[in-house]
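There are two complexes below, and they share subunit A, which is joined by subunit B in the first and by subunit C in the second.
Right after this comes the complex of A and B.
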């Protein structure tokens, strides 16, 4: 799986980089590491608009590993 | 997981509340179409502490203090207070300086551009078009790999410094401390700086806006950026709500006057209204938030956002000291040159701060 570590990046860089990863790897699941609730919310909206399913795992205190899986 | 304020209803209610509060602040004493203007209010603070000597725009605006402290308190309560920093602070400082210069050539930040439009000022349309153009240029850089690098987690105390600075400003305001005969602290006797709602009303308004904006991530620049970048209409629905609510309140309170000429604290130089906001919009995108959002982030412990806000305050001093800030009479002597200089700076930053593209 493609893994991208976006911890420490401010809004909107996580969205920009996740979107690019989606476009460069069509049909593949992408795991993203982010640090803030804001990034999580923004990625939720990106996932909805790009028709990706989303699983959030809290890996630390306000640190999230988000797996984005394209819906068939 | 999902909380109310991150919903569409949440952002719309936030924008609507801000619009009503801003219009009411004008009714209760703030300058016309300036119920809330982050740039103008930071510029007034710069004047109050003597960073510039434009006598008509000097006042410690409690709204700004409330924005930061409201976001600070609520972020502590919901456990989102997270001290972080170290993502190119010096560059952010200068982005703040030039964002302020651009905003003061237009005479308002994006918040005031919306409030000016809600008050019937047609020049605001030109400013908002410029803002959109500047943001679009910024989005081009974002899409090309622009970023200012990662912030690092910081020790807990560092997140208290900017709120403490705001508390210090508040103490200077309520005790009207004088450090020398005639000031500082300077308080305008006439002009926009002398127009303000009562301190406690302004502070309460600021705190409310700080709280709801922290929860909903309200951002006037982000609203337009998200539409251009990812066709995401979430934030802009809040901005639209602000505009509609302020317009409706202005009608109710008799504060609406349509036209281009003779608008309060505004000029009709379309070219520089436009380009001033191109500069501000571009600087906001490169820094990752509108001036209001930068204050809410500062409250949450984002040290880099705090540096940007300080850059804006210093920029307010520079803009007035070096004859760059416009007045109702029009653009100042060095306004156009400063906008062009700022645009060159931002374009170089946008170009130079891209990730190296993999071959």
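Right after this comes the complex of A and C.
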């Protein structure tokens, strides 16, 4: 699976990089590592607007691994 | 300023309490001075434009109090060892350009060396002590007028992510470099204003909350009537929004009731932190219509009635589609 580590980046970089990864890899699931609740919230929106499902795993204190999977 | 001991002075009209836009101090029965200070890190790439925006933003607090700005002083933090000094020169020229447009005299300034560039101004203005417009004072039945379109925070965020269209960037810069002078002059000329503030970092709803918090009135806002830049919806729906928008929303949602038909993206725009935003004014109906007509005729096309002041529920904002 495509994995992008976006820890250390402030908004809007995580959501923009995730969006580009979606555009470059149509139909594929993408895992994103982010470290703020704001990034998690913004990725939720991106997932909804691009019709991706989203699974969030809290991997540390306000650190998240988010798997975005295109809906069929 | 929380945690400071209370500051009392019989001549202090507006101080650090009450979220006012600027401090107001009475000099005599016919004259008060207005003082304000604002500075920040660059929000656009072009230094001259950044200087213009910082000056327009700093002057706005005086206009929001109903005052006339007279003098200003520059505040700069500049990495002189790593950045070309001409950049600072361009920033100061941009600031001066807007001071000239506002008829305000630059009287000095202060600069320090800092790793991160910052620029802003301290502005001093005057007003009659009994004509100060505070952000509290809205009365039931008043109309609520917003004079600029929202969206500068979302656009700045999109620019950082290289997701903003040229058109949207141009709209945002044009808005941020427009003085609130004309709007304020028309507001004073029409009269009858009960409350006024300028919309900045807390977003429209954040500043609207400050207008009514702890008072005996509430607000009803028609979200569809609120002016905002075209092209924001897609950015908001993709999550390209500033972190401040989420913070504003989390902080103020306990005071806000949103009707189910108001879409989330539209509500988000109402919380977008603004730089150099417009004036938010409450005044009774006959004057509100006059004010709006005069603003439109004077080249402030975005000005709109966006809601009204209500007596119930107190201290709440109802947001309808």
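Throughout what follows, the second predicted complex is superposed on the first by the 72 of 72 C-alpha atoms of A that agree within 3 Å, B and C clash if a C-alpha of one lies under 4 Å from a C-alpha of the other, contacts with A are read in each partner's own complex, and residues count from 1 in each chain.
Just so it is clear, contacts are C-beta pairs under 8 Å (C-beta built on N, C-alpha and C of every residue); 3 or more make two chains touch, one makes a residue touch a chain.
Owing to the predicted nature of the structure, the values given are computational and were not obtained by experimental measurement.
In this superposed model built on subunit A, subunit B and subunit C take up the same space, so to speak, and clash. Contact with neither subunit B nor subunit C is seen for A:2 once the two complexes are overlaid on the shared chain. When the two structures are aligned on the shared chain, A:56 is found in touch with subunit B, with no touch to subunit C. In the superposed pair of complexes, A:43 makes contact with subunit C only, with no contact to subunit B. Once both structures are placed on chain A, subunit A residues 10-13, 15-16, 19, 36, 38, 41, 44-46, 49 are touched by subunit B and, in the other complex, by subunit C. The touching residues of subunit A, counted against subunit C in their complex, run 10-13, 15-16, 19, 36, 38, 41-46, 48-50. The residues of subunit A lying in touch with subunit B in their complex are 7-13, 15-16, 19, 35-38, 41, 44-46, 49, 56, 62. By the touch criterion stated above, subunit B contacts subunit A in their complex at residues 1-2, 6, 79-80, 82, 84, 87, 142-143, 147-152, 217, 222, 225-226, 229-232, 234, 288-289, 302, 304.
Those residues of subunit C that touch subunit A in the complex are listed here as 157-158, 160-163, 234, 236-243, 246.
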